[in-house]
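Note that the chains take the letters A, B, C and D in the order they are written out, and that residue 1 is the start of every chain.
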Amino acid sequence: MSASAEPAHYLTGGWSLRGWLLTLDHKRIAWLYAISITGFFFLGGIAALLIRLELLTPAGDLLSSEAYNRLFSLHGIVMVWFFLIPSIPATLGNFLLPMMVGARDMAFPRLNLLSWYIYTLGGLFTMVAVIAGGVDTGWTFYTPYSTLFANSAVLAAATGVFVVGFSSILTGINFIVTTHTMRVPGQTWLRLPLFVWANYATALIMVLATPVLSITLLLIALERTLGIGIFDPALGGDPLLFQHLFWFYSHPAVYIMILPAMGVISEIIACFSRNPVFGYTGMVLSIMAIALFGFLVWGHHMFVSGQSLYAGILFSLFSFLVAVPSAIKTLNWTATMFRGRIVYTAPMIYALSFLGLFVIGGLTGVFLASLAVDVHLHDTYFVTAHFHYIMVGGAVTAYLGGLHFWWPKLTGRLYPALWSKVAALALFIGFNLTFYPQFLLGYGGMPRRYHEYPEAFELLHVMSTLGTGVLAIGYLMPLVYLAWSLRYGERAPANPWHAKGLEWLAPSPPPVDNFVTTPTVTEAPYAYR
Amino acid sequence: MTMRAAVLVWVALLAMLGASLLALQLETGPLRYTLHLGAAAVMAALVMTVFMRLKAADGMMRLFALGGLFWLSFLFLLTLLELLSRTPQAGG
Amino acid sequence: MPTDEPVPAEQFDDMAQQRRSIHLGMWAFLATELLLFGGLFAGFTVYRVQHGAVFAEAATHLDLTLGSINTALLLTSGLTLFAAEQAITDRHRGTGLLFLLATTLLGAVFLGIKGYEWYAEASHNLVPVLGWPFHYEGQSPAIAELFFNFYFIMTGLHAAHMLMGVIALGAMVFLVGRWRDAHKLDRQIRMVGLYWAFVDVVWIFVFTSLYLLRA
Amino acid sequence: MTEASAVNDPGIAFRTIPTAVSDYAGEVDKLYYALLGLSGLLIVILVALVVIFGWRYREDRSGERLPLLGKRTGHYVEIGFAVLLALLFLGIFAWGSQLYLALYGESRADMTINVVGKQWMWKIQHPDGTREINTLHVPAGETIRLRIISQDVIHSFSLPGLRLKRDAVPGQYTSAVFTPEKVGEYRLFCAEYCGTSHSRMRGKLVVLSSADYQAWLTRNGQGPGPVAAGRQLFESYGCSGCHQGKASVRAPGLDGVYGRTVPLADGRTVKADEAYLRDSIMLPQKHVVAGYAPIMPSFSGQIGEGEILQIVAYLKSLEPGEWQTDNSTGARP
């Protein structure tokens, strides 16, 4: 790309290493994040492939038990903390949130860059853990296994997760403040795009839940290094206390992953239905309700753990209730299509895939909220399938949808329309092939985290593994054609989708200061009619 | 917020600390513990309103200051609720 | 002394926006800190309820006098920092510097006393760290060990925050001494003030739950 | 571990709904079908709407665009949907909770079987002292209570045929109650990840007719019953020296202690249940009985969970006043 051929924008000029590694531009930091999380996504993906290959046969013939346990732990840790948590917020959110409120940058650009460096440092620790032989506790670090029994690099891995937590706290603080103080005149709270609302709610959870995980991991680390046991049963410590503290973060963390995805989907469906989002106020209330009540349901991870039966019942009740706002959102997305003019672009296909997968994930969550059914399904493949439907079928599909939706804005290029639609379909089919059989395995009794399993479960495992192949194609294709488009793609106009929203007023790609003239907002969002 | 107010608050803080220490003379029991914790809450509130200038801050700032406490109360309430109702073994 | 019109950072439109952003950001950060300590306090509360008698007895092994002195020191440092803030806002550099130094000193003395307490506890074999000998005369040494674990983690985490605060105060002493941009100093001292007061609040609860809830 | 290396799976085929071994399992299945029905219905409605809207309102269809629903109508739709769904959810919530209480909250049972989880095997003790590893034999038609604990890390005792699962937690007893009805062999898993050989920590549940179960006990019963074994341990660990003997050390007598309300040194009282007895062995100073000095050493780390269960069984078997006669005659049967 020669800089003279196109007008100056945030990608031109300063292509030195310094221009990227010391950049304070939220758009470049978004790219730093995008590249890092893509790396981690494929690392976690390779672990997943190896896991699925091992499970092709009932006997543990491809990997040793140690290797298998380390792989699923690596898969979980990397995918949760190094891909899903930062995925949409730190890339699309970082890029778009300031633009959507009409700002030149985040409120704290230095903090934003620092957050990426902290993320990288956390990633380094995790890599150290891998090189030191891996960690075999699962991503949940349950005590007393992680503290007194595990003979693997628990300390390095816990440190990695501890460190990366601060990067998401800093991102959260930045989002909250930017949303509060950086809005241009006229951009009132009830004119904010749902993507901003969703990321704002996500940021609240990041700021309020992550520190509890940090302290919990610190306690694990202290017990392993200094022998200061807080959870040791021999001292009267309570392993269930660890679970409370862990899930106080890790359940809301699911909303950190899915809320931004919901934001992306709202933007895409409104744009390609050419309709305003149905029930905007209801959507905002649902988002905030999820952020609030999401903190009251963590105990549903502990229904069989020996926690109080009454607490179990209370947590079950809250879990049912927190499903209602998500259901309202699904209803509203569907209703947004009503009397629309629906355009089937790749982002829209991703969004519709999301809808289907998210609904299955959400409804199976209702199964798991029902106490007696959860007792049977707890720690089986049903749970594995359920949260993959939410986190992969939901969050990752939405991330890809969002990437396709805003790619012209991010890069100034268009990608091949046909290929992108094929990839979106491959993902939908591959995903269902991989994870639908796991629901059946789960009710059939197949436990999670099993390296070997009884032969009777083989057929469904084979189907699942075959699906992984299709799914992998669905993930690799965008990597290829999106990279291709960077050089050979058609130049994108400022607003290729005729979408609403401040970000589309800026040229593609946007100039360093985002807008040529500071925009003002005079109407409600999604004025597609 | 004047210096005068700050000095008064400082005197009040030390007085609360003294009162809490005096309460140690009382018999150990729920009453004494309530006094200690109550004194701590009052001291924390004083520090927050005056030294952290929440008195002069706007509503949003106060909301931010108290929001953390609100979420923290979820952790405390539900964890304690679970613990206290776990097994009906400890009488009293 | 140069007290020109303040210029907001690039991303802000005016000073009011910048000030508001920084304050909100700091409070959001303090909310994070609150939940960091909150998780620890929640764990402590659970065990305090479960092992009431043993914890209450173990608490009597802490040095109440030193703990109380430290509390008083910290509360006083809140006042001196407030005074320093006020002086800098009023552009009294000398007074500001004096109060800042006083605050830093109070913080350092607090850390010194805390360190001495730890040393004394170590010499009484009450530090269950790294397999050091732990000799506890009294009910249920195992559960008392749990109490001391909490004691060292809570005071340790608090002391780490104090240390950061003292370093920040030291930096402020340097910056106020240099007195380049008074408006910037206003903002910086406010941030340090908020952080220091927060650490103060945390200590009030650490002190109450560890030292005062004794038998 | 060599003991765990031979995995003994029941030879049963895969079924998406595993054979229901108890009436309870059938009840859970009913709830499962209800959930399947509800979610199936919702999914069908959603897919139908998406397909209809997606076809009817696709871009290349010409014609005027009809107006959107009014704001108020929209609110009615949202609120109506939310209320309807919340009511349905509340019904399912109540249904699921009721079954949950039946499984975990029930304490009446015909017999109690002890389950100790340990890396990587399940150790099972029957009421008469018969022991087995990784296989659980139970008589059909009787209500069985499992008393579960772990010796090391957290495990989870999972019996999919009974729709039953309960974590084995170190330091804490958990329990579950079931009544097997169908004779046969079914799966048994460890469901909570517990380290290297987690996936080999599995075996089978064997439901026998009552008569066959008795026959099986006779064939496999070896050694003393748990009460006798517990009595032996009580002596060999030296407990009897202080608690029963005439030594200068004074410790509370334990005959008839089970089920009694014990006053504690700190003024509280505590009901002497199984957890209390276990705590008194492992963490003796947690509950010091009023009037006694806190001098008992902890047996934590020196005694296995299985042994504790036997001692607890022995203590439970003691009648109030039983030891007085023992001591006065000095006789030792």
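Criterion: contacts are C-beta pairs under 8 Å (C-beta built on N, C-alpha and C of every residue); 3 or more make two chains touch, one makes a residue touch a chain.
What you see is a predicted model, and the numbers here were worked out from it, not measured in a lab.
> Quick one: which chain's Cα centre is the longest way from chain B's?
D
> Taking the mean of each chain's Cα atoms, which chain ends up nearest the overall Cα mean?
The most central chain here turns out to be A.
> Which chain pair shares more contacting C-beta pairs: A-C, or C-D?
Between A-C and C-D, the larger count of C-beta pairs in contact belongs to A-C.
> Just curious, how far off is chain B from chain A if you go by their C-alpha centres, in Å?
Each chain's C-alpha centroid was found; their separation is 37 Å.
> Averaged over CA atoms, how far is the centre of chain C from the centre of chain D? Could you give it in whole Å?
It comes to 45 Å between the two C-alpha centres.
> With chain centres taken as the means of their Cα atoms, state the distance from chain B to chain D in Å.
Inter-chain centre distance comes to 40 Å.
> Can you tell me which residues of chain A touch two or more of the remaining chains?
180, 208, 212, 234, 236-238, 240-241, 244-245, 248, 306, 309
> Out of chain C, which residues touch more than one other chain, so two or more?
Each of 24, 28, 31-32, 34-35, 38-39, 42, 46, 50-51, 54, 140, 142-143 in chain C touches at least two other chains.
> Can you list every residue of chain B that touches 2 or more other chains, as numbers and ranges?
If we look for residues of chain B contacting two or more partner chains, we find 60, 67-68, 71, 75, 79, 83-84, 87.
> In their complex, what parts of chain C are in touch with chain B?
Residue list for chain C touching chain B: 23-24, 27-28, 30-32, 34-35, 38-39, 41-42, 45-46, 49-50, 56, 64, 68, 71-72, 75-76, 78-79, 81-83, 86, 193-194, 197-198, 200-201, 204-205, 207-208, 212-215.
> Contact residues on chain B for chain C in the complex?
Result: residues 3, 6-7, 9-10, 13-14, 17, 20-21, 24, 28, 33, 36-37, 39-40, 43-44, 47-48, 50-52, 57, 60-61, 64-65, 67-69, 71-72, 75-76, 79-80, 83-84 of chain B touch chain C.
> Of all residues in chain A, which touch chain C in the complex?
103-109, 111, 169, 172-174, 176-177, 180-182, 207-212, 214-216, 218-219, 222, 226-230, 232, 234-238, 241, 244-245, 248
> Can you tell me which positions in chain D touch chain C when the two form their complex?
Interface residues on chain D, with respect to chain C: 264-266, 283-286, 288, 294, 298, 300.
> List the residues on chain C that touch chain D in their complex, please.
Counting only chain C, the residues touching chain D are 51-54, 138-143.
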